[in-house]
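One structure, pasted below without further comment.
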Amino acid sequence: MALALILVPLAAAALAFLVPSDRARPLVLPAAALSHLALTGAALAGRGPVLRGEWLQLDALGGVTLGLVSVLFAICALYAPGYLRLRLDRPNRVLCACLLVFLSAATLLVLSQHLGLMWVAVEATTLATAPLVYFNRNARSIEATWKYLMIASVGIALALLGSLFLGYSAYLGGGEPSLLFATLRENAGGFSRPWLRAGFVLLLVGYGTKMGLAPLHTWKPDVYGEAPGLVGALLAGGLTSCAFLALLRVYGIVSAAGEGAFARGLLVALGLLSMAVAAVLMVRQRDVKRMLAYSSVEHMGILVLGVGIGGAGLAGAILHAINNGLTKTVLFLAAGNIHRAYRSKSLDDVTGALVRLPLSGALFLAGFLAITGSPPFGPFVSLFAILNAAVSSGRFAVAALYVGLLAVVFLGMGATVLAVVQGRPSREALDSPYQDNIRKTGPILLTMALVLLLGLWIPEPLRKLIAGAAGGLEGRP
Amino acid sequence: MLNLAIHLLVVLLAPPFLLGVIGRTKAAFAGRSGPSLLQPYHDLVRLFGKGSVLSPTTTGIFLAGPALAFVAPLAASLLVPLGSPHAPVSFTGDLILFAYLFALSRFFTAAAALDTGSSFEGMGAAREVSFSCLAEPALFFGLLTVARISGSLSLSSMLAHPWSLGWLTSGASLVLVVAGWFIVLLAENSRIPFDDPNTHLELTMIHEVMVLDHGGPALGLILYGSSIKLFVLGALLMRVAMPFGAPDPWLSALVFLAGMLLLAILVGVVESVMARVRLVAVPQLLVTACLLSGLGMLLLAGSAP
Amino acid sequence: MHPADLLLVLVLLMNFLALGASGMRVCIRAAALQGAVLSVLPLLVHRDPGWNALAMAAGAAALKGVLIPGLLTKAMRDVHVAHEIEPYVGFVPSLFLGAFGTALALLFAGRLPLAPEHVGTLIVPASLATLFSGFLLLTTRRKAIVQVVGYLILENGVFVFGLVLIEAMPFLVEVGVLLDLLVAIFIMGIVLNHIRREFSSLDTERLADLKE
Amino acid sequence: MRVALVLAAAGLAGLSGLPALLPGPLRKRGAHSATVLAVAASALGLGGAALALAAGRAPAKLVLPWGVPGGLFAAEVDSLSAVFLIPLFLVSGLGALFGESYWSLREHPESAPRLRLFYGAMTGAMALVLVARNAFLFLTAWEVMALAAFFLVTTESHERRVREAGWHYLVATHAGTLLLFGLFALLRTAQGSFEIARLPSGVAASPTGSAIFFLALVGFGLKAGLMPLHIWLPGAHAAAPSHVSALMSGVLIKMGIYGLLRITTLFPDPPLLWGAVLFAMGVASAVLGVAFALGQHDLKRLLAYHSVENVGIIAMALGLGLVGRSLRQPAWVLLGFGGGLLHVVNHGLFKSLLFYSAGSVIHAAGTREMDRLGGLLKRLPATGLGFLVGAVAICGLPPLNGFVSEFLLYVGLLSTLPAGAGPGWIWGAFAVPLLALVGALALACFVKAFGSVFLGQPRTEGAISAHESALIVVPMALLALLCAGIGLFPVAVVPFLERAAAVAAPELASSLPRLPALAPLRALGLFALGLTAFSAGVGLVLFRMTRQARRSATWDCGYAAPTPRMQYTSSSFASWTVGFFRWALLPRAKAPVITRLFPPSERYESHVPDTVLDRFLVPSLQIGARLASWGRYLQRGLVQIYIFYIMLTVVILLFLV
């Protein structure tokens, strides 16, 4: 089952690479995505106990992330044919193939129960996404790709070093020389502390770069700004969640070693810093997609902040990864539609989206309200859970900063979003040929419905899964 | 019932007489013999007999003003014990109703002035409502002081308080309050130094300019109402100012009437010896009244047991 | 003295060479030599080098010592630009910084607990110093090619550290090395090529349009 | 049953706007059914609330499981909720009726369906807020309400002014929501669950207790519009369609009052400070609110500032009640809470009436500038009469309802006065003259508004050709009747106020006296009846006497050619009072300097901006944004610097190890 989950998208990638027609090729995406989704569903339903010694397994944490990635990919894949039909000026062979390779790599990442294998998978996701960023093949996109690769590679190198440190820490501690998470957690008590801490720092920086925590986030605005909305959605929703998963796995080891408090301190600091940097850079942001990128930085900060607060904050952060992923997808896809209609993503040209594109504009606005934590949308539940965790653990200063930064972000983001959706569109925008249709708004609507659903009702299996994931990380069964 | 009848009789008959007394006092100061003491009655009768002229700009509001200018002071008078220890109507908090009845009349007289569309009457209305914003707190500070000393929240029992005792214990406060109230009385009744009904320069007037367009019965009601207002406010002032309680009801009524006469003469004297102050000084004078009675209250609060 | 230490000193020298080189060609060659030297190291550290270790060493040497530097040199020639490096931070300050970093690495490594077989070797300090040199090149040099060189040196630093684990966890080290190389080739082979085509320059200042 | 009824009404109201979204040929019918559904929901809700009030002290509760962490669908209708539910359903139903012709599909094909959708959503959400007894449910309903209000405010978002108002509203409401997040998070630590239920004694004195109260004060105060948290209120009320303004001003801002009051009821022993702070904020809001209102020349902004004033009066009353709870003075509690809650209902009635009238004026004359209107009483008699009733009521003048609630407050304040008995709290008494000042200023303001809009002669063409539509008269007439009804028969509301006050002061519930024993509402009612009858009689006599009167133009004081534009304007009317408050209002005026003997035509402009918003908040936010823009140097585009950040992070974090 695990292998099938990884191989199906890979095979589909090969198929997509072979299909000659730019028109027909995108149809491979939904087919592969839906089969992956079906396999994921089956895997989640039949999830067994974590077996020792197995390199690829689906545990609760992996289950949550796999479900998220699979759903997000399915949404993007449903959206892709409609979008690519608009972009027939560009060959989409590489795009389609790399999207599927990404899915495969992400699945590998989620399933891997081995520190080294996980690192390989993270590396693979980077390599698979670089060509996606370069889809537009212009000066700006090559610049974005260059920065993405440089910064991500440095991060990945640090993560490798961190993994090595962690390995050396285990080696010094004696015992079985294995990098399987289960073994690492079991033996963690005897690990060499300095190497463990240094390893965690390096892994935090490495995977934090991949997640986009400030000040390691610098590639994000460029990449999200220049990549197609579809790719932005996958990166902001899927890839970052995978990186978060990687970080969580490492955190699980460190916390099993009894260094949880140390790790949480770093996470809280980086989380708040990320929120602050994102908030500052979001103020008076005139580029819609860059604004979304900074919002992603902010929410990555919130995720690690939630982990750093600990307790119920951990479950809150895991839930927030789901909510953030879904909501970001709404925002990026809607922004993509707006970008197409206005042929610009700058506030200088984009205004009156509610008039020009009633549905996409409304979804963009709803996505904004959701991501900033307004009830009744999903992110409210998780953001509130993190706040509750902070307050009930007595960290009032953290709670106050958290709420204050959420307010600043709302101010910054709101000004831009309202400028986009309200007002009157320009003549040129009204005359552009793009029109909303069900293929381009249907997937977004569906996602928004999920975001709303998660705000009003969290299904029992999901709740159990999240509780299991959080419990597993804290050493509870 | 008898009490009510006597009360109404006094309120309806006595007030114009006060105006007569004021007029005579002023005439005496000017060295003239002046009009008869009953001249105000003659004026009213004449006005009620006249026809009237209405501007086509006006609406029903134009008539509602005079009606309430008459009804509200009359209703307010029911709450104030004149000579007798008890007013016909009395309940906890009736002092609020007392003040708000005058406000009601002010609302409609000012609206009636605006109804004519004349900028002069608008100007008068603006001054009237603006200046009473300052008079109102002064009145209330005084009422508070009186309520505090008497330990009661209805006008009847407040004013029936043995004030000779009150003057002994909190004389300083009462002096301040009475002074403040006297200023309010002059301002609310458009007397000199606030207003001068005898000049006919609209630009300088406050109350009087509001009623420029009213004539006949409407004007009669306004004049009648304002004399009742003078009487009622005067009664409030004098009941506190005169620390003479009398056990016999007839005697106390007599004392009361004497007090009112005294007040009228006092107003006449003030009108004779002072000139109208400049308009910009009016608020200052009213703020002074506020401060005086506020200070009275403060003194009392400071020396509270 | 561990036999590997001799080679590690060579690695450190290459760091300084790369930092002090004013021409790109020298810089690339320094990285190439460093890579080649490093590829041999596992054979020295390993107590019982097997066939796969041998194959790894050969492959790594070929890639790091020959293929990648060759590609870089070719890219450099294709652009027809001056071969001067034009750093943000001058060569002499770079060298001083490098020396400072190396000293710090020695100090820092001395305070870390080590397995008995690694005590006294240069592996950990050399690794940290190389990492630092890589970072220095990455942050202070203007030309994209030199940045790639910096990245290679950074990678070499990671690789050096891998030596301490080569017996306990060979998989991690081997896979890591291979994939990192893949990235390096990716960056150079494809992206550099595109950059050159788009900008007809490899100056990274041309690559700074996306900003706030 | 009661809960189910109210919940059904909330649900029905919440969904009532959906038919309006129907496409094509069904549009028209859909819009109509939306109105019908909204009115039906109101009727249902009124029934439920009335039953709850009649049932007295036994609250009805409904608890259902709900699948969010910590969430529980707990709803309860007690007398306190019911007192707020009544104006809610009343105003929302009448507003829907009013909106049917005021914002008809024919005149506003674009925005009418959306308006109906969010109008219904806001109504339903408000009802849910009032019955929610779980933090999750409360917050969800709260935000749906707030967001629906945002979409209502921005109905005409193509106008820049409206967008700005909407933005200010959105920021204020979101800030409030975030504070409420904090509030409920703290409440959970004190409570142990997300239930909104009573806390043990002693919490109030702890730092947690104070934090809860002050978060509630600011968070709910932002919604209620207490000065200086009122920043969004004038703009939003002016920007929204009038029946929406009515619902917002009449009901929405009371949700803030409700929330604050509900939070205080959870504590058995609120400290004196809480009540005192609330009281002080109330005084500030009342005085400054009405002062700002005087400075306005936009009719709806004027009404909006009066909402600030009236919320201030309500806060004063509730503050008095809270102080009474701290000092164990049942009389203050009953008069404070009773007066405050009655004023909540009253303000809902007369403010809606005023906004409907204002809407009718704007609809008819096409402008909201009071200095361009005039003489409308003849052209819009019903509207004018409605406005007059509303104006008299809002000034707190007898014999209408505003007087009754202010009377209760006055008596409450005065009862802090008598020396000797119990602990003293003389500040209550010192507020009496200030309340009188507020009353006098409100009177000045409404004479100005009523006079310059409805009396005199029309100042512009738009005002001359104004006409009123018959359908919008019905809701106004109903509201006017209710204002009069409460004013003339205040005894009728006594039991409800007593029950609600008992809920608001649970620890004193059994020792509260009867309201008539403290405030003689029966006598007041009789007096009001007599006054009304007598005034009507005198007015009638005067009318008969002048029926034959000669008609002649207003005396022009000798002016040769007066024009309607020379009438005293609203700005001139208020110039004295604005002058009294120059220190707070900071009015801006642009006056010409006359230098020549025969000067050319010149302009004079004066304007009273909102001191908090326009002089403080917006400039300081701009400074903040400029500071934030320095942060952009972080992101200069050079990959070298970005890698340097990574290096720096590693080094710093390693040093922390």
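Read from first to last, the chains carry the letters A, B, C and D; within each, the first residue is number 1.
FYI, contacts are C-beta pairs under 8 Å (C-beta built on N, C-alpha and C of every residue); 3 or more make two chains touch, one makes a residue touch a chain.
Given the structure is predicted, the values throughout are model-derived calculations rather than measurements.
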Labels of chains that are neighbours to chain B and to chain D: none
Higher-contact pair (C-beta pairs counted), C-D versus A-C: A-C
Centre-to-centre distance between chain D and chain C (centres being mean Cα positions), rounded to whole Å: 69
Inter-centroid spacing, chain C versus chain A (mean Cα positions, whole Å): 31
Separation of mean Cα positions, chain B and chain A [Å, integer]: 77
Computed distance of Cα centres, chain D from chain A, in Å: 43
Where chain A touches two or more other chains at once, by residue number: 146-147, 150, 154, 194, 198, 221, 281
Residues of chain D engaged with two or more neighbouring chains: 632, 634-635, 639, 643
All pairs of touching chains, each written as two labels joined by a dash: A-C, A-D, B-D, C-D
Chain A-facing residues of chain D, complex: 66-70, 136, 139-140, 142-144, 147, 154, 157-158, 163, 166-167, 170-171, 174-175, 177-179, 181-182, 185-186, 188-189, 621, 624-625, 628-629, 631-632, 634-635, 639, 642-643, 645-646, 648-650, 653-654, 656-657
Sites on chain C touched by chain A in the complex: 111-115, 131, 138, 144, 147, 151, 154-155, 157-158, 161-162, 164-165, 168-169, 171-173, 175-176, 179-180, 182-183, 186-187, 191, 194-195, 198-199, 207-210, 212
Contact footprint of chain C on chain D as seen in their complex: 632-641, 643-644, 647
Chain A residues touching chain D - in the complex, by the definition given at the top: 146-147, 150-151, 154-155, 158, 194, 197-198, 201-202, 204-205, 209, 215-216, 218-219, 221, 266, 277, 279-281, 283-284, 315, 354-355, 369, 372-376, 380-381, 383-385, 387-388, 390-392, 399-400, 403, 406-407, 410-412, 414-415, 418, 422-424, 455-460, 463
Complex contacts: residues of chain B adjacent to chain D: 51-61, 63-64, 66-68, 70-71, 74-75, 89, 91-93, 96-97, 99-101, 103-104, 106-107, 110-111, 114-123, 125-127, 129-141, 144, 147-148, 151-153, 202, 212-213, 216-218, 221, 283, 290, 294, 297, 301, 304-305
